[in-house]
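The two complexes that follow have subunit A in common; it is paired with subunit B in the first and with subunit C in the second.
Let's look at the complex of A and B:
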């Protein structure tokens, strides 16, 4: 196994072009597990730790440009107001040590349906900026996940930045694991209210071959909120609407039975999380609920 | 009530500082916390090779062929060994039954069985070489449960058995069977106003010690080998290793190296023989370290079990009878299964008085992973079931569950189902009284922390699944009984060598035993005992090795009792020898040398009245006193194979728990809020260590209540979750407040009146948590661990 250590982003792109099978490594919290378990023996490891720009973030008018290697700890500590859903998701990632090393770029590169960041990115709305020696492009998050542990990137591309829409309303994130900390998701749910566009977006983790949005549930809810004038009145969402939203979210899942949980449980739990996160965000939108900080 | 809360002090020793009863600190404590402690996996030797084990990828198969040619040809590879390379006629090992092949011979019987060994100059080279060995398997049907094991036409996991259990088992796929019959359960059942029947399932728990199996074998010039290894019992290993190597035991010199936890999982051989074989073959030091994945295959687990119970009671709450059948899955090799069967059957009644019982326990041979010793050893599985039964009976009778237990609690003088009288304090009712009397933790602690919900105090924790929605509190109680020490007639002795001399103008004692320090705190306790008995401040604990006699196993809650007892005994003899020297030198100066009872205290010889007769420095001068003596607890007897009668146990240990849980009833997630425990320890030699052991055992019991389980595919008998990603153990956020109430009711038969303590808290913790979850949810919950799908009706269909 060769260890490539580019000193700059340009060198990294050149190395990736020369060795398209090279596996990029930053925090190593995912790649090293795979290597230690002998699940994978890449020919080349491409170490991105010398590239400063990957560790930077920039808060713009509309979006946060988040470097691929910005650690989960930094997201939790610095971007709570701008990216509340992702900050909550970050807090559910493994242990403090892992959160100090791991970042969103790794989650996206691996594209596991169990990656903690995905539901938050789907709910907030994001674009992944990838680059190669051929140039750069923005991949909408909705088009990024293409299969189990597969994404829309070409072999010569690297993830540079994730452009995430700044929160224009409350966001929430819930994850079920069979332990109260440091646990891989049995399933997860992210929800973001977007009052500016009067829409609700969602994201589901670990309950389908890829991270997915609960589109039918979103469409139903958007229509129901619109028709009922909920955005204007800020009144309590009718239980029947919440219930149907939950059922549709549950129906958006395409889970499997595995060692972590049953398909039936995952569908059930996603429905519960959909109902609860909708309740929490809506309460906050109405201005009477608990602050976002309650969760972490 | 037969017990009192007053400690009985029967300590005979002196009042030297740092003696028994003080919470002296562990010598390895700071090193472990700061990461500087050298574990067995940290060892290094110049010119060292790395050993790698190739394990079976299937559970049950004939081996058609093994092709090692590509592996041998790899640069850096020094040796590749298979069954054909074993040097002597002894090719199997085992704790009681030698049924475990050092390397598979023609057949593999479980997933992950060792088939070949590689030694190479780099661990990566060894791994790659092992991957190049080609094994041709012809798969056989797998035996995975009682039905498939005992079917008339079942494939035999072991053909041609000739062990001492084969004569009394109903099927060759049953390792051992122990019935216990006392009174007449059928007759007594007629007196019952209520009868409760239950079927319970206990999942396969792993010891999950944090330091994986590892060791270093160094060939010596005399043709022997030095083995540095993390184990629980050096001499038991030695007896199994030497014959396979074809060496006399004195040529296999073993030294204990840093052990990172054990919990029963190091009672069996893992890499010991393999490393020695490779070292002797290559003439070079060989180190083997399992990674976490391999560790899940490298040691036995706790027996999963099916338990069928029937209890009856009169309407005034007295138990009439009990019938049970306990089926333990021993997996592919016997390991400690026979002894686990003995424990499960003889402790199946629990700490209750029931005169009429009909009990049967068996362990199966299957193609599942081998199971053997783990903290609680057969008593854990039984406790889970009989405590569920107690709650069901109490509910049916409309009696408070604690009161119902107290009505039937055993006490000193109670006769066990084996016919053995309980001849030391058995404060079962008192332990229950104490945990019940404790105030309950405040409700909704997540909400009282401030305006916001503190998710760390809620089910789901940091995963942010509830802010209080769906959360219901439940409270549950349980109590258990565990035997201490090896039972059923085993010669359970320990050896201690103690030397006393003057070093640098100060009297110093050196304690040398082969006791494996696996975290239990024996090294601390031995020094405390030596200070108490010999009146010295300075005590050196010699590294544990096989240059001194056996200390028995660090298991069965026995080390403080038995090796502690041996240290005490040797110290007493050393003290007598020192006093004899004193009498010789100074006897004529003071009449008390002849007439008074003399003690060694604070570096001096003193009378029991406190008068100082001489300095130890002056008594000893440049003489050294050294003795090595064996010590035994009271002998035990085998259980009758038909009736189960016999004085099989040495001592019992009792603990009771109250669990308070909060369950998110919609998501099926559990937060254990508090696990209060009361335990009788006889005498706390080191109170801080006692509390640590009780809290640790309690946490391990919590683990198997709500998360810990090795999942084996019933179709293939393959392990599905051999990693800490999917085999979950409690984190600090899953571990509740554990208030510990320690009773000290002396057992007059034991050294200092002490009681072995390590296992009892593991027993009642699990059923208490389950009872609390039942209380919160109203569900029956007849299996452990309980998972979210069991609490939400979403099991796979």
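Let's look at the complex of A and C:
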């Protein structure tokens, strides 16, 4: 095994171009587990810890440009107002020790359906900026996840920045696990209200081969909220609408039975989380509930 | 490969490090510092918690090569680290070559509480003393990780709520399930810290 320690982003891209099989390591919270357990013996480890630009973020007019290695702790502490859904999701990641090391870039690189950041990114709307010596490109989050632990990146590419839409309305995140800390999601659900476009976006974690949006549920809800004039009136969402939204969200899942839970339970729980997160965000939107920054 | 880094305030060098090796392995097997415990090797249990550039991390998930040029504080250096925080460098740690704990001293380090007969104080940090006083040490395996995590909590939050303590220690498992005493110990250390101010 070789340990590559590029000092700059350009060096990192050159190293990845020369050794496309090199495994990037940042927080190490996925990669080191595999190495410790002898599940993986990469020929090259590509350490990204020295690259400062990956640890920086920038709040722009419309988006937050989040460096791939910005830790979950930093997101929780600094980006709560701009990225409430992702901040809530970050708070559910493992433990303080893990949140101090891990970041969204690693979640995306690993592309596990159970990654905590994914539902929040899907709900907020995001683009992943990947780069290689050939150039850079933006991959829409909806096109990023291509299979179980697979993503749309080429072997010579590295994740540089995640461009996440700044919240224009309330966002919520819900995760099911056996305790509050140190759990891999049994399933998870992210929901974002976008009052500017009068749309609702969602993200489902750990209930399909990839993180997915509950598109049919979103379409139904967007139409129902529009027809009922809910965005203007700020009325409480009719229980029948919330119920149908939950059922459609549940139907968007394609889960499996595994050690953490059954497919049946996951479908059920996703429906419940969809209804609850809709209720929470809508209360916030109506101005009667908790603040935009979430409460976890 | 060779790794140069700072351990407990002193510059150290580890040789013949395998590229896939963890910081935990380097500390235990190459530096002779077995205070950080090796248990789950997947970041679940927190018994290998150390400070990396001041931040609590699971040393089993840090690749050895990633600590090149960086600063690590282990439980063996915790008493000294806490002392420096109070005396020489209030409000922060210390990384200059003159301070810190030598590797020999760290290897020989033992928890010696205040002697009941002579009243002589051992080299314990306030959090270590509080763990002993509160009976928060049972089998002791999780203790080093908990001490490092709890010390960092009290460094950044002088009067933590129970919720804050639970949150800060949520990544440290105790298989004796002695959590209540552990919470007592952190509360005790926090109270003593407040009294001292």
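Quick note on the criterion: the second predicted complex is superposed on the first by the 293 of 296 C-alpha atoms of A that agree within 3 Å, B and C clash if a C-alpha of one lies under 4 Å from a C-alpha of the other, contacts with A are read in each partner's own complex, and residues count from 1 in each chain.
In this section, a residue touches a chain if its C-beta (ideal position, glycine included) is under 8 Å from a C-beta of that chain, and two chains touch if they have at least 3 such contacts.
For clarity, every value in this text was computed on a predicted model and none was experimentally measured.
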{"item": "Between subunit B and subunit C, more extensive residue contact with subunit A", "value": "B"}
{"item": "Touched partner set for A:146, first subunit B, second subunit C, both or neither", "value": "neither"}
{"item": "First, second, both or neither for A:259, with subunit B first and subunit C second", "value": "first"}
{"item": "Touching partner for A:100 - first (subunit B), second (subunit C), both, neither", "value": "second"}
{"item": "Partner chain in contact with A:27 - subunit B first, subunit C second, else both or neither", "value": "second"}
{"item": "Subunit B versus subunit C as contact partner of A:35, first or second or both or neither", "value": "second"}
{"item": "First (subunit B), second (subunit C), both or neither touched by A:92", "value": "first"}
{"item": "Partner chain(s) touched by A:269 [first = subunit B, second = subunit C, both, neither]", "value": "first"}
{"item": "Partner chain in contact with A:181 - subunit B first, subunit C second, else both or neither", "value": "both"}
{"item": "Residues of subunit A that lie at the interface with subunit B and also at the interface with subunit C", "value": "33, 36-37, 180-182"}
{"item": "Residue ranges of subunit C touching subunit A (in the complex, touch as defined)", "value": "1, 18-20, 22, 41-44, 46, 49, 55-58, 60-63, 65-66, 68, 149, 167-168, 170-173"}
{"item": "Touching residues (chain side subunit B, partner subunit A) in the complex", "value": "127, 291, 293, 451-456, 459-467, 469-470, 666-669, 671, 706-707, 711, 720-721, 723, 725-726, 728, 730-734, 787-789, 792, 794-797"}
{"item": "Residues on subunit A engaged by subunit B in the complex (per definition of touch)", "value": "33, 36-38, 88, 91-92, 172-184, 186, 257, 259-265, 267-269, 272-273, 276, 279-280, 290-291, 293-296"}
{"item": "Of subunit A, residues touching subunit C in the complex", "value": "1-3, 5, 25, 27-29, 31-33, 35-37, 41, 45, 47, 49, 94-98, 100-101, 180-182"}
